[in-house]
Amino acid sequence: MKRIKSTIFNLIREDDENNTAANVFDGIIVSLIVINILAVILGTFDLPLWATTALSYVEIVSVIIFTIEYLLRFWCANLTYKDKTPTKARLKFTFSFMGLVDLLAILPFYIPFIIPVDLRILRMLRILRLLRIFKFNRYSGALTAIGEVFKRKKTQLLSSIIVVLMLMIIAAVLMYNIEVEAQPDKFSNAAASFWWAIATLTTVGYGDIYPITILGKILSAIIALLGIGLVAVPTGIISAGFIEQIEQDNKHNANECKKEFCPYCGNKIE
Amino acid sequence: MKRIKSTIFNLIREDDENNTAANVFDGIIVSLIVINILAVILGTFDLPLWATTALSYVEIVSVIIFTIEYLLRFWCANLTYKDKTPTKARLKFTFSFMGLVDLLAILPFYIPFIIPVDLRILRMLRILRLLRIFKFNRYSGALTAIGEVFKRKKTQLLSSIIVVLMLMIIAAVLMYNIEVEAQPDKFSNAAASFWWAIATLTTVGYGDIYPITILGKILSAIIALLGIGLVAVPTGIISAGFIEQIEQDNKHNANECKKEFCPYCGNKIE
Amino acid sequence: MKRIKSTIFNLIREDDENNTAANVFDGIIVSLIVINILAVILGTFDLPLWATTALSYVEIVSVIIFTIEYLLRFWCANLTYKDKTPTKARLKFTFSFMGLVDLLAILPFYIPFIIPVDLRILRMLRILRLLRIFKFNRYSGALTAIGEVFKRKKTQLLSSIIVVLMLMIIAAVLMYNIEVEAQPDKFSNAAASFWWAIATLTTVGYGDIYPITILGKILSAIIALLGIGLVAVPTGIISAGFIEQIEQDNKHNANECKKEFCPYCGNKIE
Amino acid sequence: MKRIKSTIFNLIREDDENNTAANVFDGIIVSLIVINILAVILGTFDLPLWATTALSYVEIVSVIIFTIEYLLRFWCANLTYKDKTPTKARLKFTFSFMGLVDLLAILPFYIPFIIPVDLRILRMLRILRLLRIFKFNRYSGALTAIGEVFKRKKTQLLSSIIVVLMLMIIAAVLMYNIEVEAQPDKFSNAAASFWWAIATLTTVGYGDIYPITILGKILSAIIALLGIGLVAVPTGIISAGFIEQIEQDNKHNANECKKEFCPYCGNKIE
């Protein structure tokens, strides 16, 4: 039994043990996730009956496979977190981010069997299957580096987002007051005006709503120019974060090598 | 009396003395500011009578609280600026940025009682209440870092803004001359043309005004491409500013530690 | 014979031997490429018969010249790759990137003589002539530096592209479900919704498709704001890459000079 | 005579000799330039006769002042370039960038007196007066820093522009072939298609021209996503340029101070 468990764990483990069987297993799961995403997308088209039937078979087969995978991961959790008791390890897995995503990928299929949920809501819940895509994270390591930059610069990025939100609210209320008389149907309230503020600040500019009065155009021009800053500030923060990371890596490497000689003088360090 | 003042000051002071009562007070004020912002936004919707009445009560209650807060801050000003005489401290508070913002948050409510101002203007003045949102600044420290980068790079950013403005004026006048005959209703004067220049340079592109002649399209293409530079230059300046800041912090830290040993040789510094 | 080959090789070689004849040859080839691009562009206009005839003459003449050039490069391949046998050198040239581009530039002209291909497809293939423009790469060296930055940051850039694609798919499926009832003709399926997602995330915003429901506008606002990140993250990565490159060059230069004296103390390094 | 010339030179010289009279003179010239720009802009509006007359007086007065200023600068050129003979100094001034701009600012006024030029063309030439705005350059020094970054990164920026242009041409010709049948009135030729390519790559997206076929939308999506790179690459290059500049300044400063003590060890440098 223990040997079977160990073999299964080697198959589903996520670290980089270069095991051919594990790689094949990974390939199958990734392919299945991609097929599921395509099925969700295809499901939004008008399809003939045979195609809809085929999609529902894909649905059933993949849910079965994902359920087995989930149960195996749950069972092997104590091998993933070796320092914990089996129960604690399983709890930790269940409430880990990837554990929850895996659960959310299969749950929408089972819920209607337990509680009779409205079908329309079910169709919306099915979108959660797309979260299976996040399993890819497990395979790409560079995302962690990007994530770390965001974590390190969290406060600065959040502060700039707050400032931008404040600016948007002020701009939206101002613009409502300026344009409501000229275009009462378009700038009907501050929410409609906020929609304009976002389209302008992010420079999307759909063209469904824009000021027509002179004062409104002046405000819009200011907001559009400030939108440049909306790009420049987070870009600057993130650039600095990436460079900081590189420098820390360099320093780390330098410290590794520096044990014996000063890299600058070449003198031995006693 | 002095003890009461000291207690109140500890409640409203802005530095990071971790006092539970002060934190509760901060929470109430921040909540009230958020409620006020929501009230301003809600006020732009078509509301039933009871809602309008409710909003006016929110207005009165919050103005009363903000007024008391303002008076307390004014009274305790000599504890904030300890090195000044009470009168000078109060003057300094009144004309400090946050002092003026606090005053502007309550003044629009009182003015109509003194001078009979037109109601429409009053409604516009009410937008100033949104400035209360800047009180959040007091709570977020990372903004200072961003602000410092802008301060350090002020000259470079201003210069690039001036160049962009010059470019816009030239483009607007040129485009007016090119397009006025083909679209006399849209490119009716240089101001309308300037509106096009901003929409193009900031890449917002609402689609309400764009050239239709070949020459106009060529100019528009050039301006749109220069718009890339409009993003790239300030982003580059700000990125450099953030990196400079990190390096200065590192150097500062290095200097702190460097008092005894050279960080490179490890030799003792005499 | 050997001397002729050597002379020809000096004419067509791509390294920076400052040979007047080679420069003249380069100039002719580059001019011919530019003329060909203009011919392709002009060919899309409604032209009188004499112009169409002129363009076909340009086509024939340039294909002849490019064919001779290609054959000469093929013949002289063993002088380019001196360490290989003539056959291996020619194979290497044929399958090198520039070799394939050169071949693709002339092949579409000859294919119809061998296999009778449909004329419409032929006209499409003619676009490949534009690839001749990539010959410019040979003349500009700075592109390599840009390419190296992309190569070094490949994993990070790819990861961020995958995240963006995931985000787009989720947004597209969500938006389809939100908007399909309000605008069944515009958001007819997830593909149409994906078109909206791209226009919004890249902040292009043509204005042909946008949400009109409140929930749809909220999702659109979130996607537009995330679009800022779509610019900020790769920009940050690429900025860091360029700075890393500069620092490595500096370190390289420093190492070159550092052989005798410590650049910091000025002490001789034994 | 020499003393008068010296006094005038001190008035019009551009270096930072803090002379009150020179500052007043600068202020007058700058104000006059701004007034002239406003006059050009105002001239595009429908104005009553008295205003048009007023504008023509502004024109005459400012041209007279600028002419006198130009002649004085020409006369004092040998004091600006002290190491040259008067004739060479004047030639150098005439063909310096600012000298040419100054000449272009007054020439359009005088030309019609010599050669009878068509009035419409004259009105277009008047736009050149806006170039007077570049005189501001003389007053802002930070622009030089920005200019230096561009100069240092010229090759890399140019290379990326060439790649972008190539991409645009390929995209435009491809899109023309894809869309010409579905929208023959919009994508009528490669030039119209190029207009679409620019609007998409720069993310302006006016919404006057966009693909409607599936293949066209796929190509448009790819181009819009590549547009992100169009922003990211020059931004990265420019960011790196600004950081390089800061580091060189730091190194320069470090070298200045480093004369006596090693900044790392604190040891005296012999």
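Here the chain labels run A, B, C and D in written order, and each chain numbers its own residues starting at 1.
We adopt the following convention: contacts are C-beta pairs under 8 Å (C-beta built on N, C-alpha and C of every residue); 3 or more make two chains touch, one makes a residue touch a chain.
Keep in mind it's a predicted model, so treat the numbers as computed, not measured.
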Output for shared partners of chain A and chain B reads C, D
At minimum, the number of touching-chain hops separating chain B from chain D is 1
When B-C and A-C are ranked by contacting C-beta pairs, first place goes to A-C
Dup interface of A-B (contact pairs over half shared, numbering-based), picked from A-D, B-D or B-C, is B-D
Computed over C-alpha atoms, the centroid farthest from that of chain B is that of chain C
Rounded to the nearest Å, the gap between Cα centres of chain B and chain C is 42
The distance between the C-alpha centres of chain A and chain C, rounded to whole Å, is 30
For chain B, residue numbers touching 2 or more other chains are 191, 199, 203-207, 231, 235, 239, 243, 264-265, 267
Touching chain A in the complex, chain D uses residues 203, 205-207, 235, 239, 243, 264-265
Touching chain B in the complex, chain D uses residues 37, 40-42, 44-46, 123-124, 127, 130, 133-134, 136, 140-143, 145-146, 149, 191, 194-195, 198-199, 202-208, 230-231, 234-235, 238-239, 241-243, 245-246, 264-267
The answer for chain D against chain C in the complex is residues 155-156, 158-160, 162-163, 166, 169-170, 172-174, 176-177, 180, 189-191, 193-194, 199-200, 203-207, 210, 214, 217, 220-221, 224-225, 227-229, 231-233, 235-237, 239-240, 243-244, 262-265, 267, 269-270
